[in-house]
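Below: a set of structures, written as structure tokens.
In what follows, subunit A forms one complex with subunit B and a second complex with subunit C.
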Partner chain A sequence: MAQENLRIIVIGGGAGGISAASTSKGLLPDASITLFTEFEDVAYSPCGIPFVLGKEIPNFDNLFLQTAEHYAKIGIDLRLQTKVTGINLEDRTVSVGSEAFEWDRLVIATGFEYDEPDIPGIDLDGIKYVKNIRRAMEFDKELETMKKAVVVCATPLGIEMAGNLAHRGLETHLIDEGGWLMSEVADPDIMEPVKESLEKMGAQMHFGTKVLEFKGEGGKVKSVVTSEGEIECDVVVIAAHKKPNNHLSSEAGIELGATGGILVDDHMKTSVDNVFAAGDCTEIVHGVTDIPIQGLSGSHAYSQGRIAGANAAGDDRAYDPVFIPWGMVGGQVQIGGVSLGETLHKALGIPHVVAFSMGISRARYYPGVTSMRVKLIADPATHKVLGAQMAGGEGIKERADFLAFVIKRGVTLDELAWMENVYSPPIGALMEPIALAAQAGLRELSK
Partner chain B sequence: MAQENLRIIVIGGGAGGISAASTSKGLLPDASITLFTEFEDVAYSPCGIPFVLGKEIPNFDNLFLQTAEHYAKIGIDLRLQTKVTGINLEDRTVSVGSEAFEWDRLVIATGFEYDEPDIPGIDLDGIKYVKNIRRAMEFDKELETMKKAVVVCATPLGIEMAGNLAHRGLETHLIDEGGWLMSEVADPDIMEPVKESLEKMGAQMHFGTKVLEFKGEGGKVKSVVTSEGEIECDVVVIAAHKKPNNHLSSEAGIELGATGGILVDDHMKTSVDNVFAAGDCTEIVHGVTDIPIQGLSGSHAYSQGRIAGANAAGDDRAYDPVFIPWGMVGGQVQIGGVSLGETLHKALGIPHVVAFSMGISRARYYPGVTSMRVKLIADPATHKVLGAQMAGGEGIKERADFLAFVIKRGVTLDELAWMENVYSPPIGALMEPIALAAQAGLRELSK
Partner chain C sequence: MAFGHWLRKNAEKHLQEAAADDLISRYPKSCEKPYREKGLDHFFWRSIFVPVYLAIPWSIRKKIILATSYPGGKRPHWKKFD
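And then the complex of A and B:
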């Protein structure tokens, strides 16, 4: 079959699906590209929702990055509010109710859903998830009259929601079973300034605390019963872990991995020929540990969609293992890192040395200078950097990107310790904090 | 001779000299380390002076990073206001007038001096150079009653001074013979937003303009006669090029290079055994072009001093060729780069492709988002990145550091085009601007 007559179907209108469809169309302008989404909208930024709710961003319109008309114009057949109910691998069709649509290539980008905790009262009104923009708009209106909020789980989303609800003026509680914020991925010393910042904003932290029950009145949540006591509230935000949304793929017999994510090869191809997948519904190999992981960022989904869409259109592109630079603002503090932190290296029994420094973001006398913690985790034998965690200061995102590259390329502490750096009082200190951390690591190793 | 009895003399109290002396002392606590400086102070940041003059930084005290007592305490014999008048390589001494001091190892860190332009009236009062902190304190007082300033040369210092004097409220003129700001190192499109910003701050630009004469009254400068007309002023700041201050070394017979900088090997050793040099008085090999260059940053001087001081103390450390990440705030705009820009690649006839993008510093809907120009210059045959220039946005310093590493390691556009990056609305966009530029470069190459 000539490539130009290909029929490509994409399921899902998030970053992965949209970038797959656009990439396929770009490579094969005459191919038929159909994208199904059960939702009313595509091409908005769900990552912006907490900041609209927190009134950091004026309104939800800002979050729409592209109109549905745009996709029609570039020749993508966009089917909004159209729920795919089945994938048939034999017939090469997808079903929408009783209707069947044929494909030559299929891209699955069905995203994630929140792990709904099995807690009494979970179905009460006023228990919210942050994902869909229409639901967020409704929530935003309800927030006008709400006074007290409980956020369950100190995940990145939980931290963003706690900070934003406090910023909006609500009495805000953040509950987590762990001993510190983001305890499953971040180190306690890195998260300490975030905790302080959230507390300064008025949010109250409840660590080592288990949610036992949601209590309601007239069907509406009124309090959260925890292992440490009861907290009154008007609203609960469940910022639980994401799990891949793979009901369709699983029923169709597409192979899933240990995480529940669709198994894909380095071309984003699934276990089935001509079927590709991208984004939160997949699992991806972690570059340092070789462990498959799941639930990455919108940027990852976008890149994976691009690879899946290109290969669906007959191209030959590979997706590399991921090292996962991450960054965010927690409270008012920038934090970020790459790969695993000290805690996880310890937990996994990976031999490592910790290279730590307190650096500064500008000349120490320049207004706006802030101190930043940089922690590099390195292999004591080879000195290669394995992971990083940072908190405070400025430019954390840019440093995380750099360090992801460093780790991917197998760069050593020795190479970073005397790296050349910009020195200019308003934007950079005499010594780059990453270099200072690497120097400290080498001193540690020479003991 | 036992290392611990070594007598090390350092000439110069800037970043290079101070770091050499401190490093030597750290490695050989019992060695005798003497540092001579003709000035009253050590260990302050001259780079901060423009910002105190511009009232961005409250006062000069902020610029002192360390006290003279500190160096006495760690055992360095600090000789302030002590001008070395000669170096004797036969006797292994330095002279201070009629007195001679013996050394086993010598570190020369005599820094730079400004190229005093050969223009009538250059000796008038009110013609200023920005270098010494005591002179700057006097200048700061004089500025209280000054209204009109002319800055000569749109070098980085000239741009900082023009911005700061305008910020302080003076009518400020910036005169340069070139066609745009920093025309010898930066590209016009990169400097355009800086020009706009300076103009918005009230500074007036005079490009393609030659200074012909400084006119005075009663010995004080009153106007600058240029090829384009006369400009009245109360003060003139000469932000001319730096040249190495090598009178002593030259007279002693230490070999200088084509730039006038002291020739050093990769151990910061001069042509003479046991004599090392560091900082602005040296010339250093440029990593991309192999051309020796001179006049780098305080951060470079510090690193070189560390190498010179360590090797003077018997260690064996190498200094790598430099790629020169640079960055600054011009007007209100961050700019920066690494190695050469497009203009210089063209002028030198180096085959190259330009990879350009306009990126954004945060999610496009996040308050404070700014657009940034990223331009990568790459080898069309190998796709290796050769240089970079950037303007606008945030995180320019961190990106320049990253790109210096990229260039040093011979990384290609292909490797950058799909780099993993942090995506978080308040601090990073979906696609890293560097990646977008690399993608654009690859599209250009595939034409």
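And then the complex of A and C:
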């Protein structure tokens, strides 16, 4: 079949879907590219929603990256508010109700859905999930008259929502069963400054606390009953874990892995010929452990979409296992890391040594200087860096990106300890905190 | 839920809880007491699965994890980093 006459269908209008469609179109301008999304919009940043709700960003318009008209102009047939109801692998069609659309290549980018907790009262009005921008716009208006909010689960989204609702002036409570913020993936020493910062902003923390029931009046939530008492509220934000949205793929017979994500190879090919997948609906191999994982960031989904879109268009591109540099702002503190922290190294039982440093972000005399905690995790036998976590006032994201490359290239503590670094008073200190942590690691190993 | 999915979900939860308990003793000032579900099934995972899992050397454990991660133990092609 001539590549230029290909019919490519993309299901999903998030980062993975839109980048797949755009990449296919860029490589094969004459191909027919159709993208289906059940939602009203494409190409916006859902990660920015908490910051608009918190009045850090003035309005939702700032979150849109492209218009639907743009995609029509470059020749992508965008079907908004059109829910795909089935995938037929034998006939190579997707169905939308009774209508069938044929494809030669299919890209599945159906994203995630929240793991809705099984708690009495979960269906009450006023219980919110943060995902869709239109629902967020409505929520923003409702917040004008609200005074008390409860955020359930201290996930990254939960932390961002707690900080932003407190910033907006609401009495805010953050409830989590763990013993510290993001306790499943982040380390307690790294998260402590975030907790302090959120408390300073007025948010109240409830760790080791289980939600037992949502109570309401007239169908609307009024309080949250927990293992530690009852909290009155006008609204509850559920920041639960995400799970892959794979109802369509599972029903069609596309193979899923142990995480529930679609099994793909490094070309983002699924178990079925000519069917590709990208983003939160897939599972991807972790670069350090080789174990498949699920639920990465928007930038991962975007890159995977480009690979899936290119290969669907007949190209031959591969995606590497992931090392997952991450970063965020919790309260007024920047935190971030790469790969696994101390908590997950312990959970998996991977042999490791932990090293710390306390450094500074600029010359010690320069206005705006902030302290920074760097924690490196390394293999005690080879000294290779396996993971990192950091907290500070600035410069965390850049270090996380750098350390991801360090780990990918197998750099050792010995090499990092004597790395060269930028010294310029307004932007960098004489002693690089990463090098200091590596030196501490070598001292620990020599004991 | 497929067996691999069920196994991973339960193993992850209880291994993370055990790791958290360890970190609480290492960083007591940064932690509060976490909530823990009670019951026979949790007793099994905490008192039998976790100690047995952690007693197996990492190199063997990793092979078991990978074998149970894929249907039929067949891993799709991905680049390997040493």
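Basically, the second predicted complex is superposed on the first by the 447 of 447 C-alpha atoms of A that agree within 3 Å, B and C clash if a C-alpha of one lies under 4 Å from a C-alpha of the other, contacts with A are read in each partner's own complex, and residues count from 1 in each chain.
The definition used in the following text is that a contact is a pair of C-beta atoms (placed from the backbone, for glycine too) under 8 Å apart; a residue touches a chain by one contact, two chains touch by 3 or more.
Note that the structure is predicted; figures quoted are calculated from it, not measured.
S.K.: After superposition on the shared chain, which partner residues are touched by A:R364: those of subunit B (first), subunit C (second), both, or neither?
M.R.: It touches subunit B, and subunit C stays clear.
S.K.: Quick check for you: in the superposed arrangement, does A:F51 touch first (subunit B), second (subunit C), both or neither?
M.R.: Only subunit B is touched by A:F51; subunit C is not.
S.K.: Please work out whether A:G428 is in contact with subunit B alone, subunit C alone, both, or neither, and reply first, second, both or neither.
M.R.: first
S.K.: Which of the two partners, first being subunit B and second being subunit C, lies in contact with A:E230: first, second, both, or neither?
M.R.: A:E230: touches no partner chain.
S.K.: See if subunit A has more residues touched by subunit B or by subunit C, and give me that chain.
M.R.: Partner touching more subunit A residues in the overlay: B.
S.K.: Is A:R399 in contact with subunit B, with subunit C, with both, or with neither (first, second, both, neither)?
M.R.: Touch partner of A:R399: subunit B, not subunit C.
S.K.: May I ask you to decide whether A:A258 touches subunit B, subunit C, both, or neither, giving the answer as first, second, both or neither?
M.R.: second
S.K.: In the superposed arrangement, what residues of subunit A touch both subunit B and subunit C?
M.R.: 320, 408
S.K.: Show me the residue ranges of subunit A that touch subunit C in the complex, using the header's touch definition.
M.R.: 177-180, 183-184, 187-189, 191-192, 195, 207-210, 227, 255-260, 263-266, 269, 285, 287-292, 318, 320-321, 342-344, 346-351, 408, 410
S.K.: Enumerate the contact residues on subunit C facing subunit A in the complex.
M.R.: Per the touch definition, subunit C meets subunit A at residues 2, 4-5, 7-8, 12, 15-16, 18-20, 22-24, 27, 29-35, 53-54, 58, 61-62, 65-66, 68-71, 76-82.
S.K.: Help me check something: in the complex, which residues belonging to subunit B touch subunit A?
M.R.: Residues 15, 45, 47-48, 51, 56-57, 62-63, 65, 297-300, 302-303, 320, 322-329, 334, 336, 363-367, 394-402, 404-406, 408-409, 411, 418-428, 430-432, 434.
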